[in-house]
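Right, I'll just put the structure down here and ask away after.
Naming follows writing order (A, B, C and D), and every chain is counted from residue 1.
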């Protein structure tokens, strides 16, 4: 039952902890909070300061964080140490060696141990890899992330930080790295700040992670974002002086150009997180309100309109939408019209040919009483293939509603993402199947009306930001970073 | 991380299917829909009509339905057959032989195969068991349900239906049974109708199950409830004639006396189910509205009151509560103030001594933006020990709200349930710890105000029913069926 | 790779320990020593004297003893207690509930806990079971052993020992039982003494087990056999007074009639064990010597004859055979001509259609140097189907020996055993396929000569015993105990 | 229960198959035959000729070959391909990443896929590795074998065979390699021929493996040894022309100098194998005979001496010893005095403190009847620590023999092996604990007499070879290849 919901998929969540006796346990709770960013594999690596040499402990596996780490002994014995990094991810198509691609990756090289976890996608990985292989490098995985390890190991710089800076300055694309060495936690973020990355503090220790929800669960204090193009270094000196060392990558784009992934606000990040300096929840409510103001839904007899979300991801957006309708003076009410089951799990048995109609019912059931004879507006954050939407609408029809209106809080998705978001092929996108013709899509989905946010409306909703602070490539095909030809055809895993 | 949420626990969900080539798969989907009724173990048993004698296939295990049955081959090979019964349950305290207590139970006796699944609790199980043991019966489990099998096997009646009637007429308490024999599916419900049980139809086949959501997932048609005190028999003749045989147990209480478990409406059943003839969702919204009208929450400066639920169980109730406030003209808004993680699972690692404060954060996080400086009213359906509530309130305080008001859509729980609901000991109930003194509980929970529904208010909300159609024993100590002395001290498992 | 060697299979080994703080660990080592008696499943049950009532702990599983019990914590925690019984067995054909048939069985009945382990086969189990089922008894397994538990539970005697005596007096066939109650270890052996059972002492504690090798491994002292038809009781009083209570079953056959299974000497028991009062090793050497004297093998050119065994079971017999040749003045030498692999295990992958010739090579390889151009006599203890023998001879031919002579230290097997030995069907026995015609069998196996011991010669070898002390049913069809008609067709499991 | 027997441990067995549709299944059977060379881990890698690029399939695991590969689907699906290499080994001390060290190793490098399996030990691995790491190489394992992969990947040669030759010419020590590329199977053996390696043929396909028993099990034909210092290449051309390409390494020692490991004859190899051109069985019988002639055992009253082996490894040697006694006219008989259990397995539960005396009894039991009142001579192939020997002698004393004489068919082990044999530390060797004083060792072991073969006597027994064809370093400290200083202290894994 993989990818049973028709949504774009974020690639990963990362966390790093430095200077805490329960570093790996903090990583565990953090990865649990980041579970929505990658549900198919997870790993934690801790640094144990044993004699004669520091030692890396590691535990990885396929499944939810709570499945991969099911034994608390892990944290007191197997994953001992006062620093740790962790990662969760979507695993790749049944590749027999997919286990190898579970991060963090770690190696032992000239200057000691080195481990890395990565959220994003390196767009020049293929050409860098080719060059390294040509030079006798032996790769263990098919992941773009491994390139970084080889670049560091082969750097002729004598200082480790310099090696890392040299290596990172060679990669392009979207990246939020956490790197652990024998005595330092290093984090780096690409110059355009495509994926989020932030710094927190827990008593005297430091945490670097994708979203603030991983700080909250640990009762840690939010300090600041890792700035786009910034490399930060946390070491024993940081613990003593509270001073985080910071370096700036030589940017290849003009300063202050930002290209945050707007889908982090629309769908990926948790509503209780703060990313790119803004509460996700606030932004999502704003998107819903804009959607209502620009694309309201009305009952033809002026009766009350029932606003329902597709739980859980569009719950907040639906609240915003209903507030928008209210502002327009449209009689409306927010209701729970769909109940979602949270017990599915990886091993759920898919419908057989014979009973395919069960499809969406495994995940959702309708609350007939609130839908019968009503005009309903369903608020959802995005449509990818349209398969789930179609089934959901059919399911809602079983309650005999008067009319069903569908409102989407993002524009039509028409182009692939090369910066860490996972889509089906261009051909499978519903927008492309119907040449971006909304009426045809409406007809296909069998709703009474269908409206998307336009790119312009969407960007207007991003109140704390400039309009061009966001990457809109998946809606517009406007890619802010050039892509290897090879990569366009054979996307690397991350 | 067992029982991590401080709620009463329903014991079980049951399903029976007769006359469908994918009987066990239908049971699987049904048990998935009933997952909320029992999350720690599940089993399905199918009847295969092989020569020379019909054969029972069975598969049981510990975990969620999707974990116990993870191989679709199961249903085509291992669980073949056109009839099946299924059960899910809360397993018991780490008893080494708890596996044995997973239902369905099955035996081979004089008249062939016999299997049973049970939701409820038999209050005279101990005395019946003692008599049977005295008579040389050998018990395999510690479950009260096994008593029924022995009563059937020892019945001197020659007709199987008569045997079953004789056996069931000897047991007392709350029961919704599904029983499978070599050629019949039988269901029975106790005379007071304490637990729900309903009949549905799927093409030519029949389904009997605890809640209608198990029919909906299979796109089956709801026919009717199994009436209190009714025994229904479905066999080949039913398939041919569409006629369900029905028998009435000799009732020990006056006719038309009903004692439905009111907690099925308050918390146990799924909001999209219909039980006792009424939509749960409707009843839950009614409870919320009554709660608001009787116990509104106001902002002292007449600013907007933010209504939030404790997701997901009180979501509908919170909608009703906000509607109630609106009716009273109180400026209010429904918001999502708590985000709940659904990734916990059985193997989640519990907080250690050192980081105990993480407790409730594993399950919930606050959405600071909607709570800060606001007067909040938190709507919850029940409080048992009060431990989670106290932690939740503390967590909400981190958002710096103006005030926090707590409203509970059920009365104070003060007495144990002997009819299939699982509680902590009487001493642990928060109501008893504070002598039912609301002010003391409020003080302990550190909320600005706290209100419960009274028993009277609760019963007034049960619109489609007479007030005395419900059992209120856990609030009042008023037990409609007498309890074995032994049983009061040593509750049997079910 | 089940039953990969073509030998009769003994059904089980049993052990009971009373009065030792490490009772279950002693059972474990004992079952390890008895591993040859049953390699597919094992179980240990211990009695823990906890308040308020004694408690049985149990652990069972499929596989070798060392696989089923792989955690030493088992013995200190899970299998605590100062008394225990254990059992190992061959499991049955892939019956889906074969797990249920793993012994020891245990129940809770009127007088407390009761557990049993059984080596043998009850020949009137079917009629007893029918009567019990008719009386409302519910059976959990398909094993004949469970009948005994029901007979005990239903006995109207008030004293437990009397109940057990009454129950055992009703069963017929071959049995060596160990029974554990809340305060006693009881053992019983059938009146004809078909299977072995002996008593040992370890410091102050007592051990009852199938073969003395289970005493030896625990450094326990051999006391005596449990006599045919005897019931012994060991309890706290025995620990205090060193006195073992003993009862005699009413025998249905004249006193002093013994019908020991001669195959225990020929093949089943370990050569280092003492059973029926005699060292197995001594008896096996005697069989070999008799075989040589009656059926010598000679080289046609009077060159040295190479005597080889089929390891490991006929190693001792081969020594006896070579000694016999020497006595006859035949120039001969014992050699190792076959190397046997001991790494096979349950999960070994069987040859595919394409490479079927690998068959016997997985288990045996030849030592070419000792066989080339020599006259070889292969000594084996028995032939069942003849399949392995045929393959082995073919393998030996690869070494280019001059001649191959095959000598079998038992008569031709022609009849099924109903007393605890497992055979293929009558039709599959090589003797029956060739109408007991030795010349035809020789021809089929492609050996230069083939000789079996006659029944008479075999019984002459049993020096410490009377000739008619042995059951010879599998050679002669002469069954000392009558068999249920039903049983003849549908052998019960044990 | 690791290493429960006090013997030197051989490190590994290897196999390679080229040109057979069931290449991995043949490897499986071969590794099964080589199980004695490494019982703790195994792996098979197959080459599948898929488009667009050939693909390596691999399956590795901890345990016996039959445990690691327990699903026959493996071979038809997962390990498809017409070429394969396999390896079994002793895993290392509980290193958390020991799984990584299971061979075969494989990488993808400039010229395609590359896999290797290795038996032996590279004595200059540390200095080669240091140089590679310094150059930016990233190592995945702690095994010396990985060095070879890096040397190949970094070779500037354009031809793959040249790369491999260049790489191998840089390593020193003992090695029998099998290497698989996208189109070739390559094997190489060190110039001194320390470990065995041979070539066989199965129909049109080729097999290269450690011992001939891995050919026999597959009914393959033995062709010849891979010569010391030889590199052989088998590719499609070989299949067509039957011609095996062969290259000679530049030897660093004079030609024709051989230093075979004498322990391969004494203990490691299977008696049915042929290695270094000679049948192991023949050599082992010769060692036993020499031992008897030089160090006979006699009964003081001229009664019969009972010769027993410590099964199974010294069975053949004991036959030779008895033949030697016979030649000397000493009245003697070969008997089975010890029965060995083969059911131990990896998970066997070790004796606790309380019952430590059980020690050797888990593995061996005595056959009292043949030992009582007799003069016994126990023939064993080697003593390492002496712990098992001491326990065995104590066990034998329980049979009340008249006298016990111990004869060892190898000299005293006094020095570590750096060429692929695994020993305890120098200090633990019994010879060193007693300063090579035989009388003191005899006294410690409590035998009536003790004799070892001298180095001279041992070498005289090696009839088909020159005396100085063997490495005797572990007896004499005379190392034929110089050892890295580092290596002497920190032996690398293999």
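Here, contacts are C-beta pairs under 8 Å (C-beta built on N, C-alpha and C of every residue); 3 or more make two chains touch, one makes a residue touch a chain.
Here the structure is a predicted model, which is why all the values come from computation and not from measurement.
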Original post:
Among all the other chains, which ones are in touch with both chain B and chain D?
Top reply: A, C
Original post:
Measuring between mean CA coordinates, which chain is farthest from chain A?
Top reply: C
Subject >> Where chain B and chain C are represented by their mean Cα positions, the distance between them in whole Å >> reply: 52
**OP:** State, to the nearest whole Å, the distance from the C-alpha centre of chain C to the C-alpha centre of chain D.
**Re:** 36
Subject >> Between chain C and chain A, distance of the C-alpha-averaged centres to the nearest whole Å >> reply: 63
Subject >> chain C, residues touching no fewer than two other chains >> reply: none
Subject >> Every chain pair meeting the contact rule >> reply: A-B, A-D, B-C, C-D
Subject >> chain A residues within the chain B interface of the complex >> reply: 22, 25, 28-29, 32-33, 35, 39, 64-67, 69-72, 74-75, 213, 216-219, 270-272, 279, 281-282, 312, 315-316, 319, 334-336, 339, 341-345, 347-350, 352, 354-355, 357-358, 361-362, 365-370
Original post:
Any idea which chain C residues touch chain B in the complex?
Top reply: 57-58, 78, 96, 107-110, 133-134, 136-140, 149-150, 153-155
